[in-house]
Structures are given as C-alpha cells and as structure tokens.
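Two complexes, one shared chain (chain A), two partners (chain B, chain C).
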Partner chain A sequence: MATVAERTNVWAKEVLLNGCQAVAQGVKLANVDVIAAYPIRPYTEVMDALSKLIADGEFDSEYIVADSEHSQFEIVKHASSVGARAFGGSSGTGWMYGFEALVVTATDRLPPLFVVGNRALDDPGAFGVEHNDALALRDMGWLLCWASTAQEALEHVLIGYRIAEDSRVLMPMALAMDGAFLTHSQHMIKVPTQEAVNKFLPPFNLGKRVLHPDNPVSIAPQVNEDWVMELRRQNWEAARRARQVIPEVYKSFNDLFGPRYANPFFDEFMCEDAEVVLVGLGAVKMPAQTAVRRMREQGKKVGYVNLRWFRPFPTEQLRETLGRMKGVGVIDRNFAHGSPDNGGIVVQDIRSALYPLTKRPVVTDFIGGLGGRDMSIQDCIRMLEITFDAASGKQGDELVTWIGLRE
Partner chain B sequence: MIKRVEVNYRGVFQKNLGKYIGGDIVQIASRMGKVAFSNGRYSDAPERNGIPCKYFAFVSPDLSEEELEAECGAKLDIDEADVSVVVDDAMVKGVEPWGWHGVRAINEKVREKGCLLVTSQHSHDQLLKFIPKRPFSWRLATVDSPASLAGLWVYKDDLTREHVLGAIAAADPGIISIEAVEAYLLEKTKEKHRAEAARAAYDATLRTIRVVKPNEGAEWHHEIPRLPTWKEFESGGVVVPAVPRGFKMGPRGQNRNEQFLRGTTKSQRPVIRFDLCIKCTLCWYDCPDECFDPTDDGLFDVNYEACVGCHKCADVCPVPECIVMVDELKFDSDASPWEHHKKDPEGYIKWAEEKKGLERLHFPHVTGLGREIRQGKYVPPKQDKSGAGAAPKA
Partner chain C sequence: MATQLPVIDYEKIKKVHDAPLEEFYTSGHRTCQGCESAMVMRDFAKASGPRTVVTGATGCMYVANTSYLTTPWIVPWMHTQLGAGGASAVGMAAGLRALMRKGRIKKEKINVINFSGDLGAGDMGLSGVSGALQTDYDLLIILYDNESAANTDIQATGLTTYGAQTTFTPPGSKHRIMQRRWKKNVAAMLAVGHPTCRYVATASATFPALDFMNKTRKALSIGGPTFIHTFDPCPKGWDFHPRYAHELGELGVKSGIFPLYEIIDGQVVYTYDARQKGRIPVREYLEKQGRFAHLVDEDVDYIQSMVDTMWNEWDIPGVAPFKAGLSVAG
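Presenting the complex of A and B:
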C-alpha cells in the first residue's frame, strides 16, 4: 500500500474541466490507441476535447470520425479486436442507432470503453438527461456503471479499462454520466500523473485472440443454435468473475490514489443506522445527500445509496444494505413503459434482489428528472417523506410516484 | 452562503466569452479558498446565431462542494442572481432563449441590491428606458465597451473578459476580489495589461455604479406563458400550429411561425429607405426568417418582431443606403416602418436618417474579428417619376 507521502505525488494538477473534458483527460491518461467519434449532444464535447488534445500535440492517438454511430461503434469494436485500447461514446438515440454493434462487441468479448452522456430518447430533439439510453444495455453482456461527479468520471475511465481488460472479464464497459449536470458543469478536477496511471493500468493484452497478420484468426464466425447457449453461459461467467474483479481493482485504486471508494459497487451515505433510504444513479446524489443531511438534522434516520454499478448488479451487497431498512425509495431517472406497476427500470432489479429475503423493506419507486427536468433538494426531501409513509403503510396503493410532473 | 453570477450572452458570437467568464470565476474563487463551479443553462442552444443564452458561476465561502452542487447544479436555471452580466446591451430589451418560453426581462433574476452589469456605450438612463422596474432597489453598472462579438468557435480577445471580471469584483467583492482577479490574470497570462484592464474596469465600476430605486424603469408587457399539464395537450408529442400557405399583401401579411418569433436575437435591425427601393425583391427573397411583407405598392415592409438582425437583407440590397443595419437600442417600437413611410414620407426619411447616422457597423463574416465601423453617407430623397417608390399619391 502506498504511503500518504507517495500518494501526494499521484496527482499532477488541479484544473478547471467540465465532465466531458474530464473524461477526455482520462482517455489521454489511459493512453487509448484508437478513438472513433460521431457527434451527438451531450457526448459531443468529449470528442471535441479529445480532438483538441490531439491537435495540440498533448496526446497521440488514432482519431477517426465516423459517418454514423453504427460505423463509429463498429470501428471501436474492430480496433479492440486487433488489441488496441479503443474508446467511443454517444448519447440518446445515437446510442440506440449503434446498438447492433454494441451487442456484438459484448458477445465477441472485446473490452473497449464507451462513455454515455445520458440523454432522453428524443421526444422531438430532447437532449436533457434520462437514463433509458444506457440502461438499454442492461441485458447485453456489458459492464455498466454511473459516475456521479466529473472527478469520478475521469477516474472511472481508468478503473473501467482496468476491469474490462482483465483477462478474467473481457467485457465492454459503458461509463454513463448525466447529460448537463455532469457533462457540462465546470469544476476544479484533480488530474492524476501519467506515472501513477501507468502503475494502475497495465497495457491492454488481448492474448491469443488478437487479430493480426502474424496471428491469423477468424473472429465471430457464424453461430446458431449449436453455439449460442454456451456463448451466453460464458458471458454470464465473465460477469460473475467481474463481481470479484471489481473490488480488487477498486482496492488497487484506493491503495494508489487514497481511500476514495469505500464500497466499489455503491456509496452508502448515512446508512449505518438508517431506517429509510433513497437509491439513485448519477448526479442526483448531490441533492439527495443534502436532503438526507437536512432530515438528519431533524432527527430522521434517513440515508442515501448512490448505486454506481448496475451491471453486474451488486445483488448480495444490496441485499445486505437495503435488507436492513424499513423502507427503500428508488429514484428512477428513466421510465419502463408497461413494466410491473408502471415504474422505472432500476426498481425492478432492486425489488427482485430483495424478494428472496425473509424480512424485506417496503420498496417504493419515483419517476423523476426525465428529459433533464431538475430534481431539487426539496424533491428529494419529499421522496424521503413518501418513503417513510410507505414504510409505515400509509402510502395507499400507489407504488410509483411521479416527481415534478405538471399535473 | 452562495453567490450566484449569470452571464447573458449571445449564441455563437459570445459562446466562448460566456463560458470563459464562468470558468474564470471558478478558478479565481478557488484561489481565494472558496468552493465554486460553473455551468451553462443546458436548454439553451449556444450554437445558434445570436440567440440569448446563459452561463452561470456559483461561489461559496462555507459550503461543501456537494452542498453547493445540490443547491445550484441540480437546477436548470437560477432563482436569483447576485450579479447578472449582460455582454450585449441589446439584450436589455428582453431575452427569449431557444429552449425557454416567452420573452424574459433581462433583470428577471437580479435580487434585491444585486447588480445588473452591462457592457454598453449607452448611458444608464438610456438602458433604463428598456429595463423593467422591480419592486425593490437594485444596482446598474456598465462596462464602457461595445458588445464583444466573434464568429463561430472564435473568441474575440478584446479585454471584455478582463473588464467584466474586474467589474464583477467591484459589484460584489463577496464573489471575487479584485486582487485575486489581478493575481489570476497575471499568473495565467503573464500579461500585465490584462490585470490592468480588470483594475481599470473595477475602478470605473466603483465610480459609476448606480442604485436603481424601487419601481424605477420601464413597464414590462411580455407575459410568461403557462405550460400545460400532461392532461391538457394532444397525444402524439408536442404539436403546434405550423405556418399556413400563402400570405396577404401588406404589413404583417406573411404567414410566419408565431410560436417563436426570435426578435430578441438581434443586436441590430435593418432600417429601410423605401424611397430608394428599386423593387428588386432580394430582401424578401433572401430573408431566412420571412420577415419581409410584400405591399400592394411593390415595396417590402419588415416585421421587427420576427427579424433576428442577421444582416442578410442589407447584404443583398443592391442600392447604397437603402437597407442599413442600426443599433437595436435606438428603437423603442416594432411598429411597421412601411406604414410610417406611407403616412409621412418626408418625416419617415428624416426619422430613418436620424436613426442611421453616418456610422455603419460591420461584422465581417467568418473572420471572427468582430465589428468594425465604416462611414456611410446621406442620400437625398429619390424623385421617382412613377411615384411608386417614393411619396404616396395624394
């Protein structure tokens, strides 16, 4: 483990960066070999920042502007198959347009990293945050996690590559970040030194699967009913192993850069003695934790769980933490049309995870912040109060509450 | 405690300026040991020419970053500003952003005792002819300079940024101090004249800042529309009336998109000498916003509510001095100039020439060099034998 004195040398500088530029710094520090780009807000500023780093001579990487997201993602996938560390990204409907390539990247077990600047799935042009775009990956064999600050976004480019490229995992990695609140907000960001990053992130080695003239192989030959089930089972095995690899990688990160992540899968804020907690993804952490602090001042035993990893889903860990609660309120910045109780996506997984417990908390769901609508501290206080009511059986039949809807 | 600054800027032309000022405030406040961050109003479209947009900076001496972010970063707009910066004074007439609704007062967010800080060469009194009154007292300050306008992706380095930082320090030292501004500029740029420019603006602002009394200022006529609930509009997405086919002759005769007139996008408006018009139709043909209304005497009236001040008509008009772009703040009405011309041809020419003056502002395309001033000339009224273009027949 690094000493404190050594740790002070792992940060090169503190500079003003927005979330997109922070990701670009991470990509530069990860010494990514191939970048494929195609613009769509809010992701666009990531590719802008990268192209500027390259144009300014600060970063040497193959930078390819594709003719569409589909081509962009294909380029990233193919670059990964020749053993290059590859990077892509998109948002909203652009992300959906490239989905065929995304699905195949996972079944080919290639580990590029993509950033998803979360964006609504386009009611005419809407470009505000909504998580449906990234969540659409949830069944596709990807690693999927959310950053809740720009600093975390930078660090998770490094953490993400390390996990994805681990020979036990070899899964593509999606790093989601809230459009606007995270992508376009300028903060003072600590940038690690290249030396420290090199210690943390070894070069990518695809091993004997690498596509190269000296290593003639054929990748992804036609498979049908004769192979697919076994391939899926292998994918699952990789995800199972990822659950072991992820804590190892965070430990290594904490050792080098300081104790930044107590729990790799989710942050627990004031949860030790809490009776009621909210669970959310991404930037809503800020108003939610402030709401928790304010309610704590009034003696209410509340907490917040910032769910970082959605795939693989931290089932056991969440059972342990949420299983202690009387009430759990899930903040879904997405909507799952026609799903059980017409709620969000996250609540379905959380409720399923908790179902086998003999003593279960009451789980209630909130749909809010869709299309980038703001979720304030007051909104979070209201959600905590509703969850309290639900936990004490006062909520009635409604399992889902819309927050901030004009009605 | 939280200090909030907003920078009202024009899309494209001032996109970098707005962002830089926001980022500078964060870096200066950080040097002072404060917590700060900056973002833009995300529903804006700063890639659209001239559209009013906002950048924000939030500073706190005592809150944690998380609390500051929770209070300010999770919102799309602010409730109130300690300093509202305006980097093009034409915006004091009101702003209608691209993704927002209705024309908003430029001092809408200025809190009691807060400051509206405008880069302008107009006097405080001239600006207050347009800025609506508030029930409380607030402060008005100007930085003596024309609007700093650059081209797409370009930042015009004309010291506006430094002036604004210095003036903010004067308007509210609780945000950033002038010493910290100077130290930051010196260290960052190693150029002494930048720190001096900030200090000069600081001194000037302290000298000239003015308290605006409660209910001093203009009447405000724009209403902010109420958005419907989810039960109150048709299914199938947001469907709004489109522009019907055809048009009537005469003022306001064109069918335009009434949903969003974009008039607050302009810094200048075209002034037309109808007596010089040769009826070539180019203004009507080339206007990208359908602002010109054909009239039954073969002329083309202009609708200033729809005009975005793009200069296209003035560029294509083949007749010298017939269509000239003039500072928007010289006008207090969007009434039809053609009707004015028909009613009083001689008076209209006098009025038009008075507005035009002899200085012609030019914004060279693409170069990003911003504006330059050229000399125009007075053209006497045209004695058209047919009489169609000049005075109406009695």
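Presenting the complex of A and C:
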C-alpha cells in the first residue's frame, strides 16, 4: 500500500475539464495505441480532444477517422486482435449502427474500451441523455459501468482497461456517461501522473490469442451446433470471474490513489440506517443526494444508491444493501416497452436480484429524465415520497411512475 | 501520351514451376469441387507468404473454409463481419504500426490482407472498403466475386450478372428475368474515387496463369491500401460441371464481360486487351451456365450490346463508363 506521501505525488495537476476532455486525458494516460473516431453528439468531443492531443504531439496513437460506426468499432476490434490497446466510442443511434461489431467484440473476447455518451435513440432526434443505448449491451458479454462524475470517467478509463485486459476476464468494456450532464459540464479534474498510471495499468498482453505471424492461429471459425454452448459458457465464466477481479482492481486503485471507492460496484449515500432508498445510474446522483439530505433534515430515513456497475450485475452486494430496506425506488432513465409493468430496464434486474430474499423490500419504478429532461431535486423528493408510500402499501396498483411528464 | 509507369519492385513469378511450393492455405476446408474462390485463397496466400495476417469476411469462404478445429490457414487468420472487410484491415494495420513504432513488437513488413465476397466488399462493406482505401496503411483487400451470396444458397448481389437465376431472382411465368440490375463496376469505382490509392486490379484466379499471384505481390509491394477484384466461376451457383471452372473464367475474360486490368497510379494497363485480341461472343460464355438457361435471344442480345458499349464507347474501354468524347491514349 502506498504511503500518504506517495499518494500526494500521484496527481500531476488539477484542471478545469469537461467529461469528454477528462476521458481523453484517461485515454492518453492509458497510452492507447489505436483510436477510431466517428462523429455523433455528445461523445464526439472525446475524439476532438484526442485528435488535438495527437496533433500537438502530446500523445502518440494511431487515429483513424472511420466511414461509419460499424467500421469504427470493427477497426477497434481488429486493432485489439493484433495486441494493440484500442479505444472507440459513440452515442445513441450511432452506437446502435455499429451494434453488430460490438456483439462480436465480446464473443471474440477482446478487451478494447468504448465510451458511450448516453443519448436518446432516434426518432425524434434528441441530443439529451437516455440510457437505452448503452443498456442494449446488457446481454452481450460486455463490462458495462456508469460514471457519475467527470473525475470518475477519467479514472474508469484506467480502471476499465485494467479489468478488461485481465487474463481472467478479457471482455470489452463500455464506460457510459450521461450526455450533456457529464460529457459537457466542466469540473476541476485531478489528472494522475503518468508514473502512477504506469504502476496501476500494465501494458496490454493478449497472450496466445494475439494475431501475429509468429502466432499463426485461426480466430472465430464457424462452429455451428458443435461448440457454441461451450464457447458461451466460457463467456459466462469470464463474466463470473470479472465479479472477483473488479474488487481487486479497485483495491489496487485505492491503494495507489487514495481511498476513492469504498464499494467498487455502487456508492451508498446515507444508506446505513435508511428505510427507503432510490437507486440510479449516472449524473442523477447529484440531485438525488441533495434530495436525500433535505428529507433527512425532516427526519426521514432515506438514502441513495449510485449503481456504478451494471454488467456484471452486483447481485450479492445489492441483495445485502437493498435487502435491508422497506422500500426501493429505481430511477430508470430508459424505457423497456412491453416489459413487465411497462417499466424500465434497471428495475427488472433489481427485482430479480431481490426476489430470492425471504424478506423483500417493496420495489417501485420511476421513468424519468428521458431525452435529457432535467431530473430536479424536487423530482427526487417526490420519488422518495412515492417510494415511502409504496413501502407502506399506499401506492395502489401503479408499479411504474413517470416523473416530470407533461400532462 | 501515357506517362512512364512506376517501377514496382516485386518478386515476379515467371513460370508455373517457379511458384513457391509451400502452401499457406491447405487442407481442412470443404469448398466445392471446381471452386475458383478457393483458388483465389490458395494463390494469394502462396504469393504473400508466411509474414502475413489475414481476415476473412463472412461469406462462403468463411463458412466453407474455416470449420472449427480444421482450419486450412497456415498464416494467422481471423473472421470479420460481412461488411467489415475494409475496417478489419485498417484495424490490424493500425495496430501493427503502433506496436512497431512503440517498440512493443519487432519492426518488419507484415502483409495485411482481407478477403471479402461480392456481398461483403461490393455491397454491404463498400463504404468500409472505401474508408480503407483513403488511409495510408499498407493493406490489400481482395474482393472474391462469385456473383452471389454463395453460402446462403445462391442469392443475387449487386455484382450478379444481369439475367442470372438465383434463389432471389428465379425465372417465373410472369417475369422471365428477375435480376434486372447491371453488375456493379466495383474496381473502377474504387479507382476513380480514391486517387491516392496506387493499385487497383481485376483478376481471374486461373487465367492468365500466375497473373493473380503476381498481382497480389505487386499490390503488397507498391504500398498503401490496395484492391484486387477477382472473378470466380462457382459451379454450384452458376450451375456448370466443376471441370469447366477455369474455362469459364477464361471465357468471361475473352468475351469482355469481365475485363482484366490494373490501374497503377491512375494508369490503366490491360492484362487482356480485348480490343486488340478480339472478343468472343458473350453467348459462348452464357450458354455454358445453367443460371442463364432461361434467357432468350433478345436477353443475350441485350447483354452483348451492353458489353459492346463497354468496349466500343467508353473512354476507357471496359473500365470506366464515361463517354466524354475525349480521346484516351493507349
């Protein structure tokens, strides 16, 4: 474990950056070898920032302007296959355009990192955040986590590569961040030193699966009914092992950079004695935590869980934390039309995780903030109140509430 | 007047017996008898040698070639998605360049090759091939063209010959011809659209002998992104006896329906100059294939007239469909 004195030397500077620029700093510090870019708001500025770093000679990486997201993602995948650390990203429908490539990146067990600047899916066009784009990965064999601040976004480029490239894992990593609220709002960002990052993140080594003339392997041949089940099982095992690797990596990060992450998978805010909590992903943490503080001032035992990791889903840990509650309100900044109760995506996993418990909290769902609509402190207070009502059986039949909907 | 052609320093195979004995695409595949696309695979692998990495897009040369545990590839090979041929080559080339520059792997020339079928490189992946040809990476994209989606039971693509029967374009009692699209002119389109691409060629796997292997070597030697479009008779899809596979390729070239040429730094060099050597009637090529059995005289006449236009009226005969009225040397 690093001493306090050593820890003070791990930060190079503190500068004003927006979320996109913070991610670009992370990519530079990770000494990424190949970047493929294609424009779509709001993630684009990550690529803008990277191209300028390269143009100014501050960073050495191949930088390819692709002809589409599909090509962009395939370039990233194949760069990874020859052993290069590769980076891509997208938003909204751009993400969906390249989706085929995302699927095979996971089944090929390659570990590039992609940033998703969450954006509503067309039609109609909207630049604002909605989580359906990144959540579409949830069954595809990816690592998927949300940053709730720009600082976390930078740090999770480093954490993400370290987890993804671990030989026990070898899964691609998607780092999601809320469009506009995170991608384009500025914060004072602590940028680590290159030396500290080099200690934390070893060079990428794909090992015996690397595509190189010295290692003449055939990758991803046609298997048909003979082998698909065994290969899927290998993906399953990788995802299972990732649950063990993730805490190890955060411990190593905390040791080097200070105790930044008490729980790798989710942050608990005033949850210790709480009876009712909200669970959300991303930037809604800010208004939600303020709402929790205000209700605490009125003596209400409320808390907030900022769910960072969605894949692998932290089932056991959530069971422990949420299982103590009387009521859980899930904030779904997404929608799952036709799903149970016509709710969101996140609530389904949380309900399933809690179902095996003999004593279960009441779980209610909120759809809100779609297309970048603001989720205010007042909205969060209302959600906490509804969750209280639900927990005491006063909610009635409505299991899903749309928040901030124009009537 | 034509300017001097650039000198391409490559190891030319002059006689059949001079071709390397060593195979890099060998047993383990289950392509059909008489498969000319398999010849393309074998020959480009032989010509490019062991310091090569290959991606193969989804298509018959994926499905029929690479069954799990029986790979025919001696060189490293990886599957890529149907429309990702160009991007796969760019990704590999970029990765290798970065790793060599940063001292993580040995600096050497590694050939980066993608092969994609007509459905892949000619239709779905055309944009990605175009993107690849705009880069400055050393890579070669081979479009192996058997004029159909051949592993999904022979469906028409944008490169299927006019009038051909496929399972998407069956002749019927109301419509004799369902394939009413004229074959997409991919090689010339790419050459015209990518002026910094130094080498675009068309080829037949077996006619003239050694030609495709030498074109592969030229493409890999000249540097930058390069493209070769091969013409691959397919016994299953075109409905002919496998023993005639080579002959059909030759007839396709000699009838002028598939012109053979290279475009080197923008200069057209005919491999088989149908203007000087003459063209055999296109009927002699069509009538040997079951996929054209339903054509009547007027259909054959139409195809012949289109081929005549290619060679008699285009400014760059057989290559590019412009009729500016300007004279072109050569």
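Operating definition for what follows: the second predicted complex is superposed on the first by the 407 of 407 C-alpha atoms of A that agree within 3 Å, B and C clash if a C-alpha of one lies under 4 Å from a C-alpha of the other, contacts with A are read in each partner's own complex, and residues count from 1 in each chain.
Note that contacts are C-beta pairs under 8 Å (C-beta built on N, C-alpha and C of every residue); 3 or more make two chains touch, one makes a residue touch a chain.
Nothing here was measured: the structure is a model prediction, and the numbers come from that model.
For the composite obtained by superposing both complexes on chain A, the positions of chain B and chain C are free of clash and fit together. In the superposition on chain A, A:A180 makes contact with chain B only, not with chain C.
Once both structures are fitted onto chain A, a short way to say it is that chain B and chain C open up an angle of 90° at chain A, using Cα centres and rounding to the nearest 10. In the superposition on chain A, A:Q298 makes contact with neither chain B nor chain C. In the superposition on chain A, A:A66 contacts chain C only, with no contact to chain B.
In the superposition on chain A, contact is made by A:G372 with chain B only, not with chain C. Within the superposed three-chain model, A:T358 lies out of touch with both chain B and chain C [touch as defined at top]. After overlaying the two complexes on the shared chain, residue contacts for A:D33 are found with chain C alone; chain B is out of touch.
Counting the residues of chain A touched by each of chain B and chain C gives the higher count for C.
In the superposition on chain A, contact of A:V76 is made with chain C only, not with chain B.
Least inter-chain distance for chain B and chain C in the combined superposition, rounded to the nearest angstrom, is 25, based on C-alpha atoms. Per the touch definition, chain A reaches chain C in the complex via residues 31, 33-34, 36, 60-62, 64, 66-68, 70-72, 74-84, 86, 100-101, 104, 203, 211-213, 215-224, 226-227.
Considering their complex, residues 14, 16, 18, 42, 123-124, 127-128, 179-181, 184-188, 283-287, 289-291, 293, 372-377, 405-407 of chain A touch chain B. Residue ranges of chain B in contact with chain A, taken from their complex: 19, 22-23, 26-27, 30, 36-40, 42-43, 65-67, 69-71, 73-76, 227-231, 237-238. On the side of chain C, the complex with chain A involves touching residues 50-53, 55, 62-63, 66-69, 71, 73-81, 83-84, 86-92, 94-99, 101-102, 104-105, 110, 127-128, 130-131, 135.
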